[in-house]
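The two complexes that follow have chain A in common; it is paired with chain B in the first and with chain C in the second.
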Partner chain A sequence: MSKSLLRKLRNAIIVLLGVSIVVFMLMYLSGDPVALLLPMDTAPEIVEAMRDNLGFNDPLYVQYFRFLSGAVKGDFGLSLHHNQPAMELILERMPATIELALASIFIALAIAIPLGIITAVFSNTIIDYIGSIIALLGQSMPVFWLGLMLLYFIGVKFRLLPITGRGSWQHIILPAITVGAYTAATIARMLRSRMIEIMQQDYIKTARAKGVRQKWVVLKHALRNAVLPVLTILAMQIGTLLGGAVITETIFAWPGVGRFMLQAIQNRDIAVVQAGVFVLAVSIVLINIFTDILYTVLDPRIRYE
Partner chain B sequence: MKLLEVKGLKKYFPVKIGLNKTAYVKAIDGVDLTINKGETLGLVGESGSGKSTTGMSVLRLIEPTEGSIYFEGKDISKIRNREMQKYRKDMQIVFQDPFASLNPRWKIGKTIGEALEIHKIVPRQQEEARINELLDIVGLPAESKDRYPHEFSGGQRQRIGIARALAVNPKFIVCDEPVSALDVSVQAQIINLLHDLKEKLGLSYLFIAHDLGVVRQICDKLAVMYLGKIVEVADTEEIFMNPKHPYTKALLSAVPVADPLAKREEIILSGEMPNPMSPPTGCAFRTRCIMATDKCVEDRPELRVIENDHQVSCHFVNRTGGRENVQVFAAQTT
Partner chain C sequence: MNKKMMKMLYKRKTAFVGSIIILLVIITALFAPFVAPYDPNLSDLDKRLMPPSWEEDGSQEHLLGTDHLGRDLLSRIIYGTRISLLVGIITVLLSGIFGTVLGLLGGFYRGFIDSFLMRLTEVQLAFPFILLALAIMSVLGPGLRNVILVLSITGWVMYSRLVRGEVLLLRELEYVKAAKALGQKNRKIIFGHILPNVFPTIVVVGTLRVANMIIAEASLTFLGLGVESSIPTWGSMLADGRNYITSAWWVATFPGIAIMLTVLGINLVGDWLRDVLDPRLRTS
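Now for the complex of A and B:
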């Protein structure tokens, strides 16, 4: 266990080093970074002096290691646009993003688990058909459309919930539904097919032969075996969500990382983009390690393989 | 004394063909069985003949379409699920695949203990002692209860499956091909274990198998199944020494003999078993039977008593003419 954990940590460090190279290269993606900082008609000597000053004339590896030693400390330099440390700006917006991610996951699970179980237990009945159609709709509906519809009907027409910004718990409901719908539908469909598959297994017959009531056969024997792939989807989804739900954040003016990163890209605020990408990469790597550990807790067979 | 009596048991599985049409797979089509206390009835036949479906329908793990199941004189085929739970204590099952029949996420102790809790077999404080005892009965160390199924070999898992079935002190166990997934050396151990348990605990078995050698060791009586119907029933030795139904004869001729020099007639059946969605008219076996005549196409032979307790469903087997006909049959096949 500790050995495999160490191996995972080692792999994580390698991945992050790779990410750091890509993030470093971002600087050069849109041409000469110094030219971006200065007006178009700046004299070439001044550009050259600036380049020297900022260290862009050093060999690439020297620049990279300078960047890396900063990145390790969380220092990605100042935002050009806000004149504040880039990392600080990202971290300031992280809580809003995490909050939205968790709320949407919560809503997704609250919908998907009952829906998945019910459609599986009543498979090929009218209940299953209705549930499956709902799931299919949830999966195929574009996020922006769902967001706008919720905004219009619930927020504007019936004035049930606030539609912009972040504040009370009511503010989060609409964005969380918007973000969570797709995840809910994906998990529900996956859970349904896994449950149907597992309900055919001999050990389910064993449980019924023991005299276990149908309700407990489903919840105690089948669900726990069906839940592992759900965890995989969930982990991937959390990773994506931490990068910010750009569309949803824009529709509901949610002050999260996604919207901020989009603005940073438009402003060519490279330090902020770098800091944002790096934070996202670190979170995804950490979530993956955490998921792997959770797997071994949920499935005893994995421990020995 | 009769422990279990099955009358006219049928199980049809609906299969959608086309948009509005439903066909039925007649997995079992009118099966009658009787098992006495302390007796082992073997149910043999090729794959797809409906053996396992019969075994599971008897326990209502599959709901039968039609027919009655009398357990200790009480018809359990139509009682409500809740009432059926009580009978689950007396009727258990050991599955074919020991890798699939244990919940992979549960420790062995929990799997065995669950049945104890549901039926309140022992007070909670004695649960652990009872689990240890059960594991001991099937020859596994008590520490096994803290381990997961994947940590055991096939034979060990089958022992766990048996311990689990025994947990509720059943009177009757359906053994659904309990050894066919195991190595030959392990098969013997499990057969011996089942045999000892039967003696010790006075159990009755419905022993489903396709390996006739295994069946001969453990069964008192044999029922031969073909395409959802029973074609012959008799004491095990009687069937082996004096098979009547052409299908039984073919089945027995396929049992390997340990002596390479031994001469024996081999009857090789042509063709496959017909599709149970559209079984042949009349006798189900007629499409592969060398003796088949027009009568077999028209009339479905009933299972009838030929000699004391020997039942056969074939138009050409009767009290006096049975053996002659069988000889004709043998001559044609060799």
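Now for the complex of A and C:
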């Protein structure tokens, strides 16, 4: 296990270095970084002096290593629009995004697990068809459209829940459903097919032959073995969840990293974009490592492979 | 599609429904000027935010109502199919070809090329897809060509990973070893022997990815960093509708239903194709 874990850690470091190169390149893709800092009619000598002063005339690799040493310390420079350290601005908004991501995972599982079990237990019946259609629709809906519909029907028409901002627990329900719907549908569909497969295994037949009640056969024997792929899907969906959060935070004016980054992208506030993209990418890499470790805890077979 | 597959398609009701939806969308896109009741950009400010025909203030002239500039929603949805399909199909073709070639090379040659490609895919997968697309779009600027470019750049990873995995299995099979022993060139082995066996997988993933790309284009346009606003697209209609969601629900509702039905149709057919074309399922 330790050998494979070390290999994974080595790969993660390589990936993080790759991430840092992409984030560094973002600055250059957006044109002349110095031009973004100065008014458009600045004299060329002043632009050149500024470029020299900020080190943009140094060789690219020197600039990259300077960027990397800053990134390691969380220093991405000042935000053009807020005149505050970019990293500080991102970290201030991180709790709201983490809160939304956790709530959406909770909602996704709360919908997916019962839906997956019910459609599998009642497979090829009307219950299965209705459940499967719901899951399919969930996978086919654009996140932002679902958000708009919830906002209108639940928030505006029936006034059941608040539609914008963050504060009480009611504020998070609509954004969390919006972000979690796709993941819920994906997990429910996977869980259904995995449960159907498992229900035909010999050990399930044995449990039944021993007189174990249906409820326990499903929950204790079948579900337990179908849960590991749920973890895989959840880990794979982290990127989708965070991507969905960018759009959802915008719709519901949720004060998280996603909404802030979209504003930064629109304002070409490159330091904030770099800090935000870096933080999210590093989070995804770390979550993947954590999931790998969790696998070995949950499934001892992996430990011995 | 051969006769046997047609029969199977007819037998599986969900896939049949999906194929009918796709067919309707394609026909609508191809014959938009003949199907649409109005010019999609024709505005009539006297008729702005008119509700659908079945609502109290609705008119039979505008079946699904009008938007904030008095443009006919149905006509705009009909023309919107063109952009969605265009973006979906072209991005899947571009990213599919690029990803497949890289996956074939990495899986076949292994070694440095493979390690490099694997790390490259992992780096790309570390970024939330839509965020990376947004960041690049902000640099390139909005526009149909840029949307296609960005979605193709960010979409190749899925194919390369999948194809690489398949190639790793295929390269150990007898017929590939036999081809090598007979002295065939690597290029011939890769494209003549391995590619045909990976192709069904690519078709299945490609079909399902068309749906993802349609949603991605709509998302970028919705956020103001996609296709130019002068072109009627489902994403831009939703962005317009967002501003009037409290007073005119229909502006955002119907384009969303159009996206959902199209994506549903593609997913239904994609699921069926996976079951039919995936060799592991076919033999069981």
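Note that in this section the second predicted complex is superposed on the first by the 300 of 305 C-alpha atoms of A that agree within 3 Å, B and C clash if a C-alpha of one lies under 4 Å from a C-alpha of the other, contacts with A are read in each partner's own complex, and residues count from 1 in each chain.
Rule of thumb we're sticking to: a contact is a pair of C-beta atoms (placed from the backbone, for glycine too) under 8 Å apart; a residue touches a chain by one contact, two chains touch by 3 or more.
Just so we're clear, the structure is a prediction, and the values are computed from it rather than from any experiment.
Once the two structures are overlaid on chain A, check if chain B and chain C clash or fit side by side.
fit
Give the angle at the C-alpha centre of chain A formed by the C-alpha centres of chain B and chain C in the superposed arrangement, rounded to the nearest 10 degrees.
After fitting both complexes on chain A, the angle is 80 degrees.
Which of the two partners, first being chain B and second being chain C, lies in contact with A:Arg268: first, second, both, or neither?
second
Give one of first, second, both or neither to describe whether A:Leu148 is in contact with chain B, with chain C, with both, or with none.
The answer is second: A:Leu148 touches chain C but not chain B.
Looking at A:Asp299, would you say it contacts chain B, chain C, both, or neither? Reply first, second, both or neither.
Once the two structures are laid over each other on A, A:Asp299 reaches chain B alone.
So, A:Leu137: does it touch chain B (first), chain C (second), both, or neither?
Second partner only.
If you count the residues of chain A that each partner touches, which comes out higher, chain B or chain C?
Greater contact footprint in residues on chain A: C.
Have a look at where A:Ile289 lands relative to chain B and chain C in the superposition and call it first, second, both or neither.
neither
Is A:Ile98 touching the first partner chain B, the second partner chain C, both, or neither of them?
It touches nothing on chain B or chain C.
Between chain B (first) and chain C (second), which does A:Val47 come into contact with in this model arrangement: first, second, both, or neither?
A:Val47 sits against neither chain B nor chain C.
Based on the superposed arrangement, let me know which partner A:Asn225 touches: chain B (first), chain C (second), both, or neither?
It touches chain B, and chain C stays clear.
Please give the least Cα distance, whole angstrom, that chain B and chain C reach in the superposed model.
The answer is 7 Å, the least C-alpha separation in the overlay.
Shared contact residues on chain A, chain B side and chain C side combined as an intersection?
none
Of all residues in chain B, which touch chain A in the complex?
Those in contact with chain A are residues 56, 59, 61, 81, 85, 88-89, 92-93, 95-97, 100-105, 111, 114-115, 118-119, 148, 150-151, 161, 164-165, 168.
Which positions of chain C touch chain A when the two form their complex?
Residues 119-120, 122-123, 125-132, 134-136, 138-139, 211, 215, 218-219, 222-225, 238, 241-242, 245-246, 249, 252-253, 255-256, 259-261, 263-264, 267-268.
For the complex, which residues does chain A have touching chain B?
201-203, 205-214, 221, 224-225, 298-301, 304
Name, in rising order, each residue of chain A that touches chain C in their complex.
By the definition above, chain A touches chain C via 11, 14-16, 18-19, 22, 26, 29-31, 136-137, 139-145, 148-149, 151-152, 156-157, 239-240, 242-244, 246-247, 250-251, 258, 261-262, 265-266, 268, 273, 277, 280-282, 284-285.
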